[in-house]
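Input: one structure, supplied below.
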């Protein structure tokens, strides 16, 4: 877990075998400098996960943007519908973030995807070659549209959305496919811009069957 | 200005010479159905601008996402710094949205850019070929980094950010370049996914010198 | 309108709010230096349009190429057939020139397209995202083939041409789609190479309904 | 050499080992149907070359465009300057046409390039991989700019043109680099659109040293 | 580990949490059907690794190609030089195979890279975004050239090779960079063509520090 | 034919009209320095062909890789089946090598293809624009899959392979399409990396009908 330096300094990742690299190119405030609402939220996340994902620390110097970012994230990711489970949502993140070569999002959301899907292989399979991954026809269609929206947004047509409805997604689910992909288009770019480093913990989470 | 149909129906654009097209592929709620905070915000925007930009109407069926979206927008766009004026911020939107072929963002933010920059030509110049547009070396560098982040995010390096600092941008300004570009990577994709239609008013705003 | 400097010098654009930029990277001869046939042609164009489009001035130092260029232009653009109206022809220019990021062609032919189509919105809609523009199925097919020929010419097949015939284009119309696209592949590149600047007048032409 | 069918029919290529394929997807008029000026021109070309290159036959059904096309061609190709010889001009055509996968232009102008350069290897070397072809630094710079203009015209900068001047090209030569590339952007697309077939004779011309 | 079906049938992957998928689209012979030299080699590999990597099983139906493939592999991968360690060689495989979206090569050679480099993070870092991975300047240069050769081979220049020599690689090391990249251009394509599935064991190998 | 310099020096191409260029960026050993098995093989090739193709000379400094390379080559190229003749195999090489801009492979295998197919035009037709080349539907399908595998390997699907079977290819033939393409993905990259120069003899082989 990251220990962060004092006032406005760059935080260094403290981690056994990993080179010490700052977690962001921008300032990472100490926890005690945070506005109360963010400090409370960060404490709660850390208690639940066992560590604070670096995206929280990296956004903290911009409290308004941090609040909006997490609100948008939760609105589309903390949902489980028959047409789009939590695991499915994580796999959209993995597939589109891999298309953008975003290490933080692939590693962090790959970990969550392995746990949500109770499958130690699926995250790597989707990150490297989702087209041949062992997915349902529904999820194959979802990732077809999501990766098209990520890479060539003008190419998405009304027919693409109809295909999703044909696989049983509701209008809300279809919107979620679009909004998750759009939100991680933002996240991937911000992570690249700030050179955001994934926490060491994410790499090995969910890699054995009994963990799940 | 858009008149919107009843409960959750698709709104049609009402506009002189333009084909009637729904403003979104998703439901557009009537104003009286909106939560109070959004209704108030929409009224205020409409009063100031003379019409309600369609992005507001199109996001309204998802109030939490609408709130987060506008909060993020305002945090990075409603700012005027020596290193990055409001007009400069609009031009980042125009250049990166044009790279994504996003009609709504190019037309709406192009209108704002013409007015902010008091220049009836600059939005089209930046949208079609920002590289030869009559910009300062500072803004040329800003758009070089922003369009790279938009199109090939993994290619942005620490050296790119240093170039911006070398042109007088503060660390906050540099982050803003990254966050504006990232936020409109989201907006462009959402607009394509929903087939968001620009209001007719935007096309001609700011096109004569005396308007400004 | 451009006033041009003396013998073989670079002409400067004289225009209210616009930075003075030479209209071309190559010499722009004074009107009195032109061969008689070109001078007459330029006078006629200027009288009809109210100003001389900069492409005329920029080509004038190469009289033989100028003559061939305008002859080719007129042969495919000054035509109105049931399958391909003058407005349709301008929209082919707008769509393919936008794919090539050519400011001069998008702005100048966008203006003509607005006027020919009596539609103040269509040029921007086609320039930024022709795929979602409110076009007839026939024109959607025409632009599908034209933009393919512009961007990836080896990918055009006999089946593409048959689709156009299926939409009612004659063999002559089909050829015109190909030749217009090919001719503006030339024009776009020449405009980029010479850094040709559009006349200020073009930007606002045809933007109000009553103008049409 | 092509023998052409009667009134407005498709001409078939008559050639030893080659499958009979129409030389164009569009009508090819018989010689006696041509306007006098074109017929005379075609006779002269055929007498000099020993056969009539198919581009002449394929354009003949559109006399005005044919005249403009050949006028433009001759204005930039029939020139020999210290900075840009006739062989150099042909190599610009070969390199940019190969980038566009244009069989007619690569084969026909490759043949002319071998003869003009008195080098049986250079056309294939430039067509397949001009970057490692045994060229002078001047011609390497010329092809760098020409292939950039062919493939990504907005990326050409004033600095690119200055590099050419630095290698001894005059302002006229620099323009010619741009115009030759632009003209063959037209030709390549027209050849693809019409599925123009090269004459069999071109394939083997200039392949032995003594021929030159 | 894979258990393979009888005579020339498709083998199924037997593995706890993973969907049963054939390891190849082509026949996988039973061990007893193999020529003696291959059977001995496979036994030795299996004894050393604890399981037989699926690439062996998938190539076995083509004994001559299998022999050549493994001979080429060993000639460039089983080497440890001051300029290019075994771990470095594996990272070339990971970076270039990731550029080709090859699941088998990224997962199998990622596992070997983690073990060789005694670093549980480096394989994912290099696979997803080698440009920001914590690598030495030497290895950054090596991967710059290797990924260029993988993706755009004509763009590699003599200067690229000189950069490698400048980082201390011998002429043999430089060749190895080229041959490893070229050999895995073959392997990646063959793995995609046969839909080769990685063994389940590879995913978790080398992911904890004490394993190393 | 190449004469090679002494111990480990760079060999120069000796050829009438061609600039003297080393045949490789890496050492080319003299014939008397070769291991006996390679020396015998090279003598046999030279006697049969009349000259030693430069790929042999360029690989000789790495005897193990040379042996594996030629073994793999012969396993997939020296075969003639009803579904995939020797000429067909050469055309796969020409089409995919042209997609990689590989001069050596296009020129050398183009020569062999002309001779095997007894067609002086087919190699250039396939190299420049295989999509419009006069090929059977079977070979058109083969090249569709092969060029896809060469350029975008993750895009090849099981359905692509089924198309080949539908054209009468056996399972062995289908594998050969994949392996030939994969092997020349290796060869093309190695040839670019070493800047391998084709022998002058290849350019004119098989260009007249009577030669065949």
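We call the chains A, B, C, D, E and F, going by the order they appear; numbering starts again at 1 in every chain.
Everything that follows uses one rule, which is that a contact is a pair of C-beta atoms (placed from the backbone, for glycine too) under 8 Å apart; a residue touches a chain by one contact, two chains touch by 3 or more.
Since this is a predicted model, take the numbers as computed values, not measurements.
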{"item": "Interface numbering overlap (same over half, different under half) for chain D and chain F", "value": "same"}
{"item": "Winner on C-beta contact pairs when A-B is weighed against A-E", "value": "A-B"}
{"item": "Averaged-CA centre spacing for the pair chain F and chain C, given as whole angstrom", "value": "46"}
{"item": "Residues of chain E touching at least two other chains", "value": "101-102, 129, 132, 154, 192, 195"}
{"item": "Footprint of chain E on chain A - complex, ascending", "value": "16-19, 21, 98, 101-103, 106-107, 118-121, 124-125, 127-129, 132, 134, 192, 195, 200, 203-204, 207-209, 212"}
{"item": "Partner chain C, residues of chain D touching it in the complex", "value": "25-27, 62, 64-65, 67-69, 71-72, 75-76, 100-102, 149-150, 153-154, 156, 158, 161, 171, 175, 178-179, 181-183, 185-190, 192-195"}
